[in-house]
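Paired with subunit B in one complex and with subunit C in the other, subunit A is shared by the two complexes that follow.
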Partner chain A sequence: MLLIPCPYCGPRPELEFRHAGEAHVVRDPSLSSDAAWGAFLYARSNTRGVIAERWRHASGCGRFFNCLRDTVSDNILQTYKTGEPRPDLALDAATRRQLGDVAPDQSVAATEAAR
Partner chain B sequence: MAEASTVLRRLSPLATQNTVSIGFLPPMTRITLRGEPDAARRVGEVFRAELSPDPLRANAAGARAALWLGPDEWLLLAPEQAGLAASIEAACDREHGCVIDVSHRQVGIEVRGTAGATVLNAGCPLNLDLKAFPVGMCTRTVLAKADIVLWRREPELFHVECWRSFAPYVLGVLKQASRDCGF
Partner chain C sequence: MNAPFRTPTGGRVDRGATRRFSFDGRSYDGLAGDTLASALLSHGVHLVGRSFKYHRPRGFLAAGSEEPNALTSVNRGGGRVTPNLRMTQVELYDGMEARSQNHWPSLAFDVGAVNGLMSPIFAAGFYYKTFMGPKFMRGPGLWAKLFEPAIRRAAGLGVAADEGDPDVYANRFVHCDVLVVGAGPAGIAAALAAGRAGKQIILCDEGAELGGALLAEPKLEIEGRPAAAWLAATLRDLAAMPNVTALPRTQAFGYYGHNLVALAERLTDHLPGVDTTVPRERMWQVRAAEVVLATGAIERPLVFPGNDRPGVMLAEAGRVFLNRYGVKAGSRAVVATAHDSAYRVALDLQAAGVTIAAIVDLRERPTGPLVEQARGAGLRIVTGGTVMGTKGHWRVSEATVAHVSGDHVTDLQRIPCDLLLMSGGWTPSIHLFSQSRGVIAYDTATEMFIPGKAVQAQRSAGSCRGLFGFADVLADGYAAGLDAAGAAGGDAPALGDKAFAVRGDDAYGPGGFSGALPISGDGARAKAFVDFQNDVTAKDIKLATREGFRSIEHIKRYTTTGMATDQGKTSNLNALAIAAKALNEPVPAVGLTTFRQPFTPVTFGTFAGMSRGQMFDPVRQTPIHDWAAAHGAEFEDVSLWKRAHYFPEPGEDMHAAVDRECRRTRESAGLFDASTLGKIEVAGPDAAEFLNRLYPNSWTKLGVGRCRYGLMLNEAGFIMDDGVVGRLAPDRFHVTTTTGGAPRVLNHMEDYLQTEFPDLKVWLTSTTDQWAVIAVQGPRARDILLPLIDDVDMSAAAMPHMAIRLGHICGVPMRLFRVSFTGELGFEVNVPADYGRAVWEAIWSEGRAYDAVAYGTEAMHVLRAEKGYIIVGQDTDGTMTPDDVGLGGMVAKQKPDFVGMRSLTRPFLTGEGRKQLVGLLPDDDAIVLDEGAQIVDRAEVPNGTHALGHVTSSYRSGVVGRSIALAVVERGRSRMGETLFIPMPGGSIPAKIVSPVFYDPQGERLNG
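Coming up: the complex of A and B.
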C-alpha cells in the first residue's frame, strides 16, 4: 500500500484516497469548437513518467490536492495544495535520482517541450 | 519466533490483563461546521470549546468537544441539547460558515481498554501507537469498509463515530475483531 502525504494530514494509507484524474486541466470558457471542447473533456497527456494528478483525501480531511507521481515506478514524488503551481520538474528529476528511479525521462522532456 | 510470542502476549487475555469493551454511546447532539477561521472562532465562543485551527486536533471542554476534520470543517459533540445548533447558527455569520445539526446522522461507539488499539487496527490502517496517534488526536479514516471518525480521548479510550446505517456493521466488525483477539 502506498503512503500518500496529504498536504493537510501528513502521510496516510492509500486506502483513504481517491484518484481524481489529471491536474492542471484548465477549462477555457472561450472554447467554441466541438473539437476543442472534446479535447478539454477527454484528451489527457497519458504521460510515461512524472505526471501531475488530482487526488482527494476522501476518507480523511476530504480535500482535493495535487500530486506528482511517476507512472513508471508508482513513486509519489510530491504533493501540493490545489491552486499552487506545479513544482519545478528539475527538482523532481533530482528527487527521482534520490529515489533510485532509473527510468528514462525522455517522454517527460518531450511533453514539457511540447507545452 | 520472538515476534509471534510478542503478538500472543499482546492478544491473549489468559497471558496478560489485556481488556477491551465496545459499546454504543448514548444519543448526543452533533453539529458540523464548514467555514472560514473567523467563523470557527465565533462558533467556539458560543460552543464554549475552541475549534482548533491545528490539523487532527480535538479540543474537549467538559462534556463538549470540537473535532478538526478538515482545514475548514469541524465536528462538534455535546450532550443532547435542543436548540444548540440554532444558537450556534445565529452566532455564525452565514456568509462565512455553514452549521448543520447532524445529531441523528451518526452513532457514537466507545472502544475502551488496553487492547482497544489492537482491536481497531483489525480494520483501521492507521498507526495507533500512542506516539503516532496521541491523546487528543482525531481524524476521519476507514474501519474495514466504513468511513469513521476516530478520536483518542484517553490512552485507552477511543471514540468512534460512524454514519447511522453503518453502525451495526461497525459494531459487528469491532466485536468480531475483539473475539478474534480472544476477548
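Coming up: the complex of A and C.
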C-alpha cells in the first residue's frame, strides 16, 4: 500500500485515494483531427520509469492532484497541485529520502538485476 | 504422569506448573513454557503427522516456525478449530485438545500410505501431465472420475472448521520511526540502540518469548552475566522506555511497498478458556520510517534417503528442545553434519546424558575448536561420511553410514539410534528482505544468499545477513539500530557503536552443504526429501531438469517444491543446489525463487478484522425503509441501498403484486420511495455555465422554477448517467443522478471543475442523504397532495410538467418537482430526510381515499419501460450515444463545448450501423424474452452468425396486455416492422421491431 503525500493534507495511506489516470493529458476540443482526438481519449504512455499521474484524495480533502511515481519501484518522487507544471527531478538526496525514494537512480537497474 | 525424556533440571519451563493436554484423544501432561512439540517429545512421541502426498509417517523436523511436518489442529470448542498450526509454535495451556492431520483412520495406521507405493505416478508434474499428457489420461473422464476424487481424499492438510468463527479480530494502523523485526540478539540490540536514540520503536517477534537464539544458551555470558540474566535485564530496560513497544507472538508476515509491514499478533491462543471480550488476533499495519530486519537464520536439512522418518531432526532443534524446554529428543543419537554447529549440539546432548553414537561429518578433514572439543569429549567422528539410508517405521531405529566416493562405497556401517540430528549449515532468513524487493546477493566465499542492495528504507542485521557468533551479531544489531535511528531523521543523541563482551560462545562460521548427499547406485527408488511438506524428493527435481525445465521458477512450480505453507523455509536452498548440479550450472546462475507473503500462514479472521457480518459492507436504508418493511416489502440490493422491490399482498407472488401496483398507479396513483436517487447541489455564480459544459443540453435558458431531463456523457461521448436538473435560483441547481451513479457523477463533476474548468466559481455538495424523495404518480397524484400543501399552486396551469416549486408539506420545507418516470401526472416531493417517514405516512393516508398503492422498483421498471424511458446501465452499456437511444434531439447544437461534444463527431459515433434503442414485441405475446438475449436476422443460427443486438429490458405489461421488451439493434429505427429472431435453447423466438413507446405515445397523460 502506497503512502501518498497529498499536497493539501500530507502523507496518507493509499486507501484514502482514487487513481485518476495519467496527468498532463491536454484536453483540446478544437482538435480537428479525429486521430488526435482519439489518442487524447484512449492512448496513454504506459511508461516504464517515472510517470506523471493524477490522484484524488477521495476520502480526504477531495482534491485532485498530480504525482510523479516510478512505475518500476513504485516510489513516489513528488506530488504537486493540479495546474502546476511537471517538476524536473533534480531533487537533493535528503528530499528524495523524505519522499520515500531510497535509491531512485538504482531502482530500475536493481529491478533489472533481480530479473 | 511420567515424562521419561524430560531432564531433571534446566530449560525455561516452569517445573512447578503442570499443563494437561490431549493429543489425538490421548492425555498427556507438560509444563508451563512448553510448546505442544516439546511436551510430546518429553513423552517420547515422535510420530505426529502424515505427509501430504505419500502419507508417510512424520515427526518433528525443527523447533520453530520453519517446521514443515508437525502440523496440528487445535480445537477450542464452539467452532474454534484452527488447522495447520505448527506444533513447535503452539504454546501449551491446560486443557488443550490437539489433533494430528491428514490420515485415515488413524495416525499410526493410515490407509493413504498406499500412495507411497504409487509414487511413480505422483512424481513431479503429476498435475500437468494429467491435464496435458497423453489423451488417455486427459479429459473429463479419468480426471473427474479417478484422479480428482482420489487426490481430494488423499492429499491435504488440516480441515477448516465448518462453523462460523465466533472470535473477534482487531486491526491497527501504526506509524513508527523504527520497526525491528525479530527479537533475537541482533533485534534486541537494534531496539536498544534505536530506543536510546529516543525513536518510536516497535520490536516484534514470532515467539512466545523475546530472545530468539538467546533462549537456548545456558552457557553463554554477555557483558559478564549469563545470557538469560542479560536478556531479562535488557528486556526490562526496553520495557522501561516509553518509546518502545515490544510485541511477542507477533509475526511480521508481509513486507509491502513504502515500508508497510504487516504483523499478525496472537493475543489469546496461548491462554486456557475463551475470553470473547478481547480479540483473538490483531493485524498491525505498520508504516515504518526505517526497518531493521533481524530475522535470523534457519538450519538446512541434509538430503539423504529416509531423511523424513520421525526422529530425524535438524541438529539445532535437538539443542533447543534440550536447552530451552529441558527435553531430550532421544536417548541414542547419530549426528550427521557438514558444519561445525552440530558439534555443539552433540556436546550439549552428551552432557545431558544422551548417547552420541557417532558424528558423521561429510567433510574429509573437519577442524576447529568445536571439532577438537568433541574429540576431547571422546565422541566418535566418522569423517567423509554420508548417510545412505535409515530404518524404522514410526521412528528411526538405524542409520546406514558409509564413505562414498563416486560409486565406491567403503566403511559401510549400520548404527542403531532413536534420533538422527542433521545439519547442512545455516541459511540466512531473507524472506522479508526479498518481499521488500531487495536485491538478493550471492556471497561466493560463504556460499550464502544474503541481502544485497535494499530498495526500501531498511537494513538487515545479524545472522539474516550471514553473520555468526553472538559478539558479532549483537554489535551488528546495535549498529543497525543506530543507523536506522539516524536515518529516521530528527534530533538524536550521538551514540557510538557498541561492542558486547561475550564469553562461552562456541563460535562457528559459514559453510556447510546444500544439495543431495552422495549415495551409491542410481537411487531410483530412494526417497530423499527436499520439501517435506509437499513431499518433493531430490529425484523429482532431477526429473524436472531432465524434462527440460531450466528456470528455478519453473522447477518450483512443476515440482511444487517450496510452494507449501512453510514457503520452502527448509527446502529452497537444497532444491536450488540439486537443480544447479543437474543443470551443471553454478548456484547463483540458477538463482533463487521470489519469496511471497505471508511468511507463515495467517488466519482469515486476522485479515478480515472487524469487517465481518454487518460490518463487512455498509447497508444504506432510506428514511422510509422501516415503513416499507412493516408493509411487507420484499427488498432488493441496488448498489449499497436496500430498495423496496415490490409490496406483495397476502397470496400474491411477484408478478401479481407488480401487476396490481402498475395497474393502480395508472388508474389512480402510486407512491414510490425515490430517496436513493443521487442528489448534488450545484451552486455558485457560474453554476449554469458549469452545467452547460457538463451536460449536452443547454441550461442557460432554463428558468428558475423549471427543471429538465439531463443526459450526462463521458468525454468519449457515451451516456454515463441521467437525471433531472432543477433550477432553484439563478445560481443554484438541484441535480439528481441514478441511484448507483451518485458517487461516480460527483467525482466526474469534481474532476472537470478542479482540473478542466478551474476558472468557474461553483461549489458541489452531495445531498443524497439529506433529502427523502417521495414520488406520487398517477392521475390522482395532485388530488392526494393538495390537502397537505397550502403554499404552492399545484394547478396544471400554474405548475406545468417539469416545474419545480419551493414550499411546505405538512409544515415541512419541501422542494416539489413535477416530473414523471411513469408517463402519468407525477410529482416528486423532496423533504429533509428526518421528516421523510412522517410525510410519507401523511401522503399515504391521503392516498387511501383513492385506493393508491405503494409500488416498488420492479413496478417502476415496468411503468417506465411501457413508456420507453431508458435506465442507464440497463438499456445502455457504456457504448451508447444520445442518438443511439433516440435522444439525439436533446444535444445542443450551438454550444462551444461540453463534455463529450467533440467525441460525438467521431466517424465511429456518427456512422451507419450503430445500435439503436427500439421496442420489441414477440410474436407470441405470452413470451417474456430473456434480458441479455442476442438478436439475429434468421431463425436458423449457424456458427458465426452476426448478432444485430440484444434485449435490454423485458417485462409482462398489464396495461399493454402482453409481453414487451426494449432492445438495442443495429440500424434499429430503420427496421420498424421487421421480424428478427432471438435464438434460445428451446428454439428461435420471432419478434417484431416497434417503437419503444408502448403506452400513450402522444404523452397526453403527463399533462393531467
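Quick note on the criterion: the second predicted complex is superposed on the first by the 88 of 115 C-alpha atoms of A that agree within 3 Å, B and C clash if a C-alpha of one lies under 4 Å from a C-alpha of the other, contacts with A are read in each partner's own complex, and residues count from 1 in each chain.
Simple rule for what comes next: a residue touches a chain if its C-beta (ideal position, glycine included) is under 8 Å from a C-beta of that chain, and two chains touch if they have at least 3 such contacts.
Remember, it's a predicted structure, so these values are computed and weren't measured experimentally.
Chemist: Contacts for A:29 in the overlay, against subunit B (first) and subunit C (second): which applies, first, second, both or neither?
Modeler: second
Chemist: May I ask you to decide whether A:41 touches subunit B, subunit C, both, or neither, giving the answer as first, second, both or neither?
Modeler: Touch partner of A:41: subunit C, not subunit B.
Chemist: Going by the contact rule stated at the top, is it subunit B or subunit C that touches a larger number of residues on subunit A?
Modeler: C
Chemist: Contact-wise, after the overlay, does A:59 reach subunit B, subunit C, both or neither (first, second, both, neither)?
Modeler: A:59 sits against subunit B, while subunit C stays out of touch.
Chemist: Let me test your reading of the model: by the given contact rule, A:8 touches which partner, first (subunit B), second (subunit C), both or neither?
Modeler: The first partner, subunit B, only.
Chemist: Which residues form the common part of the subunit A surface touched by subunit B and by subunit C?
Modeler: In subunit A, residues 1, 13, 62-63 are touched by subunit B and also by subunit C.
Chemist: Please name which positions on subunit B make contact with subunit A in the complex.
Modeler: 55-56, 69-71, 73, 125-126, 139-142, 147
Chemist: Report the residues of subunit A in contact with subunit B in the complex, numbered from low to high.
Modeler: Of all residues in subunit A, those touching subunit B are 1, 8-10, 12-13, 15-16, 59-63.
Chemist: Which residues of subunit C touch subunit A in the complex?
Modeler: Subunit C reaches subunit A through residues 173, 256-260, 285, 287, 437, 439-440, 453-457, 487, 489, 715-716, 747, 750-751, 754-756, 758, 897, 901-903, 905-907.
Chemist: In their complex, what parts of subunit A are in touch with subunit C?
Modeler: 1-3, 13, 18, 20, 27, 29, 31, 34, 37-38, 41, 54, 56, 58, 62-64, 73-76, 82-83, 97-98, 100, 102-103, 106-107, 110-111, 113-114
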